[in-house]
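The chains carry the letters A, B, C and D, assigned in the order they are written, with residues numbered from 1 in each.
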Amino acid sequence: MIKVGVVGGTGYTGVELLRLLSRHPQVELVAITSRGEAGMAVSDMFPSLRGRVGLKFVTPQDAALDKCDAVFFATPNGIAMQQAAGLVAAGVRVIDLAADFRISDIAEWEKWYGMTHAAPDLVAEAVYGLPETSREQIRTARVLANPGCYPTSVQLGFLPLVEAGVVDLAHLIADAKSGVSGAGRKAEVPTLFSESADSFKAYGVSGHRHLPEIRQGLTRFAGQPVGLTFVPHLTPMIRGIHATLYARLTKDVDLQALYEQRFAGEPFVDVMPQGSHPETRSVRASNMCRIAVHRPQGGDTVVVLSVIDNLVKGAAGQAVQNLNIMFGIEESTALDIVPVSP
Amino acid sequence: MIKVGVVGGTGYTGVELLRLLSRHPQVELVAITSRGEAGMAVSDMFPSLRGRVGLKFVTPQDAALDKCDAVFFATPNGIAMQQAAGLVAAGVRVIDLAADFRISDIAEWEKWYGMTHAAPDLVAEAVYGLPETSREQIRTARVLANPGCYPTSVQLGFLPLVEAGVVDLAHLIADAKSGVSGAGRKAEVPTLFSESADSFKAYGVSGHRHLPEIRQGLTRFAGQPVGLTFVPHLTPMIRGIHATLYARLTKDVDLQALYEQRFAGEPFVDVMPQGSHPETRSVRASNMCRIAVHRPQGGDTVVVLSVIDNLVKGAAGQAVQNLNIMFGIEESTALDIVPVSP
Amino acid sequence: MIKVGVVGGTGYTGVELLRLLSRHPQVELVAITSRGEAGMAVSDMFPSLRGRVGLKFVTPQDAALDKCDAVFFATPNGIAMQQAAGLVAAGVRVIDLAADFRISDIAEWEKWYGMTHAAPDLVAEAVYGLPETSREQIRTARVLANPGCYPTSVQLGFLPLVEAGVVDLAHLIADAKSGVSGAGRKAEVPTLFSESADSFKAYGVSGHRHLPEIRQGLTRFAGQPVGLTFVPHLTPMIRGIHATLYARLTKDVDLQALYEQRFAGEPFVDVMPQGSHPETRSVRASNMCRIAVHRPQGGDTVVVLSVIDNLVKGAAGQAVQNLNIMFGIEESTALDIVPVSP
Amino acid sequence: MIKVGVVGGTGYTGVELLRLLSRHPQVELVAITSRGEAGMAVSDMFPSLRGRVGLKFVTPQDAALDKCDAVFFATPNGIAMQQAAGLVAAGVRVIDLAADFRISDIAEWEKWYGMTHAAPDLVAEAVYGLPETSREQIRTARVLANPGCYPTSVQLGFLPLVEAGVVDLAHLIADAKSGVSGAGRKAEVPTLFSESADSFKAYGVSGHRHLPEIRQGLTRFAGQPVGLTFVPHLTPMIRGIHATLYARLTKDVDLQALYEQRFAGEPFVDVMPQGSHPETRSVRASNMCRIAVHRPQGGDTVVVLSVIDNLVKGAAGQAVQNLNIMFGIEESTALDIVPVSP
């Protein structure tokens, strides 16, 4: 059994991790921390976990995290970078669901996140945990940077086009729509039901923290700098991201074959038949990413539709997938969830 | 392996059955029928099942249902009663998710369902499949009448009070609220998104088909006739039923203890701590029923809150629970689902 | 022109007041106060008011409210009671949308609201502003207590039965369902979209602040004490209250006629035809209350369905209706809104 | 008073027309037709209109439409083209909310709509009713083609850029998101609540009927052919369209000034301040279009955000605006609606 700790178990990525880990046959949950809720039974805060998770929240000090085999950080940005070094030194493998280790360029990270980075050396060794591109490095990672939700959907959607070098890399467009849970479980007015239900809006058009993360990934795939316009939107649903991607074709290519070949054998990427329109509910509560590729009117603009559940493949599920890879377990363990639809 | 057929796999109870059965380690799905969609891959209609269910819909004639060990009817009312006798004669055990075998009084059934019953003799032997009250009879049932969604939530909620005889049985009130999936996957104007979102209404106040089913159950629990006012409502959510039950106490009793004792050991009924308000999302996609019991201001009115997922404990999940009981399998097989929340 | 000030314009009742008052031909909006947002244009906070409301928020001190003819308090509980006496002394008529003047029994108010009341003498003279029962007193009110949202829907629904004395007054039941805007525009976790969408729950079963307000009203109608069980629920929609009311008939009576006669001539109460099920969307954004009365299976339980828009007839609309009555204006001025449906 | 008839009053554009026209001080509603519902009171089908619209549905034959001054067609495509000639001959001015007269190129229309056009000559004289570009022609129109919902939001959003010739016209992208009411009030499975709530999808990526309409408009603005990729999406809300538009800048220009100048004086287009993100709810139930223009990171990609209520500015409201222009009435008559938010 892998002894696992979860730091920051009171947000949506935290409770989603617990949903998945509580059914993981090779994981023993040993501690879930929360400064604010220490002493409270986890299932009192999340009744969906009644009978599934018997632990109480403990303070980080009481958690004995250094006795764990792996620790997940489901915390706000800036926490994992404070604690990771100590854990790594104790032989604990760290999986950060926040952004602390995602951006290699420290200056760029500090610009977007407005903090001084506490562990630049760990950033240098951290592995960006997108299994479809980095499975080998993930196996041995001591610090794993779990990708963001938008970046997962956008990078997987663009991956075949950018790797193959068949599109204008200077003018990629990602128009992405997220369910409200992507904003987290913080008490804030804009994500109140009465503010975000029955309405739709863009946000962060002038700049969103996931822009540099996506750009970094696409640049790696391309082996050269890319230009990206990224417009996130808030849509009145709880879970799900739908990324609609636009690129200008520079070479004629069988797009359907390109996508099917690139993702052949991937357990969590489903290239749908030509002409498909994946719905976010088709992946709800599951770790799947479904992708369809279109070329409207046979023109030179390619349109890619990529959907994930932001809390699963976009966060907790991908983190468990990474845990499985890191510990040499069958990759889909505890992730064999049939999407919940309707 | 239990060979299983599903008749009528294109509705919500059908696709939910497939979600559950596709992960059942002791079930082999051998046929899913649909007159209208024969020849179509099941996963083309329900992309959430891509990679999970490889079958195509077949016509009932091509399904060789008499070679199955068990056949589920996820059909409109009036279909199972036509086909059950032949299957039973062939040694197939029948689980009907519709209403054909739920009401013992044939005349009452015909009044509410507006049809002549085709198999009154099977009604006589059919077992009403509420495991919490009839587990023993279920084991040997040849024809199992799977309870309706409202009846499941209301009967479980009232059960301890009515069995114990501590309330005025002549004036029970069930104010029940259902998500829209309870109305099925039929193309009808009132359940369009634009008709039922962001609005709330009662319906069927003068009489709803689940009234006689609930009254029959409560009468059995009480051993005497009961009077029930049942008001169903449509609430703008996909899944879930919240039943709010009112009864007049006629004896002083420790309500919390009464409920906890009655449901001790039940795998799918969770009596919540005193003062709780269960949310429907706390059981979403799972087979759980969560119940809380209140006595406001210490008066003589008891208020019971009972929530289920109408498609799981209110339909497909309870049907699988019944299958497990009927075939001597561990009762929660394939039902070990952690509720999806948020 | 009536000079009007609004204290506390940043919540939902505040913005709804502005929506209505901005189209009122006899009202001049002179000041909208907000301590926290002073200096900000109202339409920067509420873009729906762009081009409609040109004012900026001002501090209460800068508002010169004592120069107004009428001042609305759209504030949290406990504010109006601090400021009303000064305004009344200056000849300003006060309309409080919060609860400060709703409960005549000061001790009862202090128990439920957890504060010491600052102006018990004004409570004594305040008029409870339900036009359908108190139109005459409203005309001359100096301090008007605008009813709560649940209390409006429940009192109007029970009014004919209780006035006529045809039901068991000791055991009234109000099962009420509210849209999430009823909880206000406060940053709190339980009313986040991801917490309250696609789910349904009861709350406050052991006691809710609207219980004493409703009980006081019903007691006045009856001329004797009443017993009431009140269970509020949260339903995933923005606006609307649906109250489902249950009472035991003690006299045989033509319920439809009783309701039609009681509300004949009322501009904002619509008694629907026998057998109707009013939907909350049928009153969305309007000041209407629609009511239907049922007697299921001809038994002795009467079921009343009463729907309002909680922000209009349940708050700002009723406040404008009261303003119109107080200033001798045609009662429906600025309230001639056709409900928005779908 | 202008005598007005409405053909096809049972869909969403029909009931929305009635909401608006019932408050129009210079309109007398004389007939609302419906083949299927003739004899039924309009307010029995739409309780929101109780007390507002006293008419019953009549058959087209009984409607005496040729005695009207204006007739609106709120019908499926292909109806108005059958009846318009007769009405025009009788001196009636026709406003078609469907697509029959929107596309000048008959062959193109027939290709996309799959019908032979019954009145090509009327197409030739019909005026495309986008007031912001064609106010003068609208004044004298005998047949007015009311624009589609997507086309209104996309054309208004692109208009200043395309007219000014400052973008690459060959590669415009419109990523548009619509509420479900855009699909109409037809009983169909994909727009059931349980199918479209809490999910998001693209549709019609290979080709949507609004593509040729938008392309025709943009071509007119540009004075030369344009290339457009148009991807519509379904978002789980009732009303609203959010168009996110992308274009490559070919000249440096003050975008904010360009937009403000182009729409100066327009009563129903609101250019928001720099950096804004208009929400669809900020125009809910109103005839406003709100637009914001962005240039992310100062690059050469311009992003325009354009929101409307699809049933108002995208259908019935624009039709009333056109009626007002055609009959020389103040353009915003009956359209002075403050958006309903929250």
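General remarks:
Throughout what follows, a contact is a pair of C-beta atoms (placed from the backbone, for glycine too) under 8 Å apart; a residue touches a chain by one contact, two chains touch by 3 or more.
Computed from a predicted model, the values in this text were never measured in an experiment.
The greatest centre-to-centre distance from chain D, using averaged C-alpha positions, is reached by B. In terms of C-beta pairs in contact, the better-connected of the chain pairs A-B and B-C is B-C.
Each chain gets a centre from the mean of its Cα atoms; for chain B and chain C, those two points are 39 Å apart.
Averaging C-alpha coordinates per chain places the centre of chain A 45 Å away from that of chain C.
Averaging C-alpha coordinates per chain places the centre of chain A 36 Å away from that of chain B. Listed for chain B are residues 12, 179, 181, 185, 194-195, 197-198, 236-239, 278-279, 281, 284, 342, each touching two or more other chains. Of all residues in chain C, only 12, 179-181, 183, 185-189, 191-198, 236-238 touch chain A in the complex they form.
On the chain B side of its complex with chain A, the touching residues are 12, 15, 19, 22-23, 46-52, 181, 185, 197-198, 238-239, 270, 272, 276, 278-279, 281-286, 290, 311, 336, 338-342. In the complex of the two chains, the chain C residues touching chain B come out as 171, 173, 175, 177, 179, 194-195, 197-203, 205-207, 227, 229-231, 233, 235-240, 242, 244, 246, 248, 275, 277-281, 284, 294, 296-297, 299, 301, 303, 305, 307, 342.
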